[in-house]
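Order as written gives the chain letters A, B, C and D; numbering starts at 1 within each chain.
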């Protein structure tokens, strides 16, 4: 197993393996549980420029094959992040990707500029699934022009690799992916959570304080796999697959349809050591199947027919 | 905190709605404190883990016990877990109760399954020769759990129930007033009811009684990373958000903002 | 239980109860299993104008909390349908809703015209999730103008109530719902399946012969509940909820967020008597909770906060 | 066809990869024919039902039996079903084999778990004094199931395996040629291998031997409404689509289009 080549490149960023946490489902509180040096990257929770309180509780609920969350990006602001959060990760040699959320295109650029000054930050993930409050309140990532704008403005102010984290709540993920590529994105994260809702039929209240939330977990994996496949068809940018990865098998599936790396979110809530467990499983699979370099798997789904892309 | 596969020693129904679970705790190296909890994978069919307070820690026989209310998907399936099988539990999590050396007499106010959480504390209090006075509230006498266990520990138990018409807030207020008068109570602890917590908070603030509460909130990670389980703490004029799973579940009752 | 009022109105169409099968998951082959007279409506599989062969096998696969299908609307054409399929249902007093699929706006209108001549047909469901072959191959339902057009042209040629069956694969289900309403739709079905994909990591082949397919079953319920809630906010049209209903609890949840009736698809594959079982459960719930008229539940979700519609 | 909750009498491993399941069939009123199948809800954790041919029908003790290969999610969980528990099975489904009165000697060609499907037919043949000659193919001798049961029924059994290097198509072709020469075989039946079915189809067409095949296809509803399980039938110059669950799973081997 020692000669396995697990390293992947996300633009200019080299990751020692393709397994990293998803933003919002990871923190230094996990330090005693797993060795951060074995992660492909460290991805702390999205931050906002100013401190923010977050949404009403309950903020999570269980659904069939997953969960809904609506945390509301509770954040202590970018200054606190730079001063108090980032230093926690200094002792690890794993690249850190900062996830940022903002209310406007300008704010995205401002934040990227501030974050870029930190040498510990190896890349920036743009959470364009958050709502554009200066616009109609819809997520940036639901509009190709806005997505383009966010990425472009951020690229203008930073040299760090930029990952656009797409929202899956769109008619054409390909269109948004291409807009981000045109804006200069170095990589794409496919994708954030799907907007969802659940109601307690006895109290007749939404199970989430904020009424709507994002669904994550295995229930959404087939939708995300489809989107990775679709995005891979239109771009050569590195793709980070995200959504419903619970096991190493899920990672292989995402790589086969075109992802170069994956993020693991909800799985860590169910199995707190999911990240290292998945990496171990992947290594065993590679050894057993003679896969020497993990990159060999990327996009290797075997499409026999000239299929129609409809249902 | 760590995930453990623990062998089930027993899992039995103890009243109409409550079950008692005993696990072989030998694999756990960490020390466990009353008020701390474990996040338990109840079944394959319940996606999220469920948080449960530690009910009893038996250091000699190296077992831990939980007392749980059968409520929904997770706990319904938990009742199906059989002795000999293994249960994946993650913990110990959060911060436990603080039992100060200088306290000789403390009051416990629990409702429903909140009794489970305070029972562990009563156990520790007994070990430290601290006198416990417990007011236990429940819907029915059948729901009044662990009174015998508490009495065996030397706890002075007062039971109030809807069944007996003794559990309304006014009656409980009167009862506590009398207990405060009759005893030199130096601290109070509560769990299991928003109504009673509010009552105790009001009374504790009035008489400057140190008080602690074990809170419940819906959880995602239970390890402080997801911010699902927040509540507000008010100190002087500042209100800030804390995580029940990390800074709690035990908080200073006089500071916590009860919605 | 005898005095429960279960009838609902879908436009001018009166259904004796709100439970009906979803197109593609029902057929007269089920006649010996369940009493069709106890259904709110009969909804046979979508038909096309000309005979069509359907897609490569495997046409279904299992995923976490659901299944993916890509049948490809195998159909013997509208003439066969009128001559051979419809007569099977003549002996039932349950209204029949014909689901139609077409490759172009014109073909939708032609088919609606043909079908409308049949007195047994009480309503027409437009499967606008199928691809527009005269356009860019995208589903009609992914485009507001096209959706409007299909409904409008169909309304011009028929007096039967028209139900537009929306595709959930869109950025704004509200926009499409409003377009259909403007086109004259009498009701909306929310919604068809989500485009999805699964890969067998050992053979590296897609688990569905057609590569992509539609995911149905409980995994998608939280997304559908959200969409019903969103659509209910912008229109008073009757809504038929569809997606992931397995139990009567799911029906109540959909009614609470604004559905007037529901369709049950995949559930019948898991439990062949799901349709009557769900109806029974619903009746018991109504009796136990003093709900005399099923319509009392519609839209009665209890929204306390002035919530933000983002994650 | 109907869904039934049937009590599990036994569920045991019979070889490395195969399990045998026996159910109390008293609730089933329909008559069940060899070649028909049931769609079984293997476990809560396997969403779709799984189709399994009837392996044995015991009319006296009113039981039915299945023989299944442990393959993936559904069958792995099926092995966990314990005697005394209930299994929800939907059926009987589809059309069985046709055993014509005028046939005295028939050939069975089965591979792997296809033996399960043909075993039920052999049982019926035996009851009707029809002589069966069976060619059973498998990876290993351990995988060769039911040979004893078949021999007890009076079936003349020929075993071929990869292990022994006797199972390649050429060898099987030679074997069948010899069997056809040595016996007055009036019909043939096959199940379990595309390769062998193609071989038998070719040979049957050549010598105008009536032949039937039990097909497998991934299923949704198993009751003919979803059109998931189609295959093509060629009659004269017309090709039309049929449903394995409804028109099948048994088809005229000489007409079915084997992909």
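Things worth noting here:
Methods note: a contact is a pair of C-beta atoms (placed from the backbone, for glycine too) under 8 Å apart; a residue touches a chain by one contact, two chains touch by 3 or more.
Worth saying up front: this structure is predicted, and the values here are computed from it rather than measured.
Between the CA-based centres of subunit C and subunit D the separation comes to 37 Å, rounded to the whole angstrom. The distance from the centre of subunit A to the centre of subunit D, with each centre set as the mean of the Cα atoms, comes to 47 Å. In subunit D, no residue touches at least two other chains.
Residue positions of subunit A touching 2 or more other chains, listed in rising order: 63-66, 69. Contacts between chains close into a ring here, every chain touching precisely two others.
Chain pairs that touch one another, listed by label: A-B, A-C, B-D, C-D.
Taken together, the subunit A residues at the contact with subunit C in this complex read 55-56, 63-66, 68-70, 72, 129-131, 137-139, 142, 169-172, 192-199, 201, 203-206, 209-215, 218-223, 225-226, 229, 244, 249, 252-253, 256-257, 300-305, 307-311. Taken together, the subunit B residues at the contact with subunit A in this complex read 1-3, 41, 46-49, 73-74, 90, 217-231, 241, 246.
Of all residues in subunit A, only 24-27, 29-30, 32-33, 45, 53-54, 57-67, 69, 71, 74, 217, 268-273 touch subunit B in the complex they form. Per the touch definition, subunit B reaches subunit D in the complex via residues 44-45.
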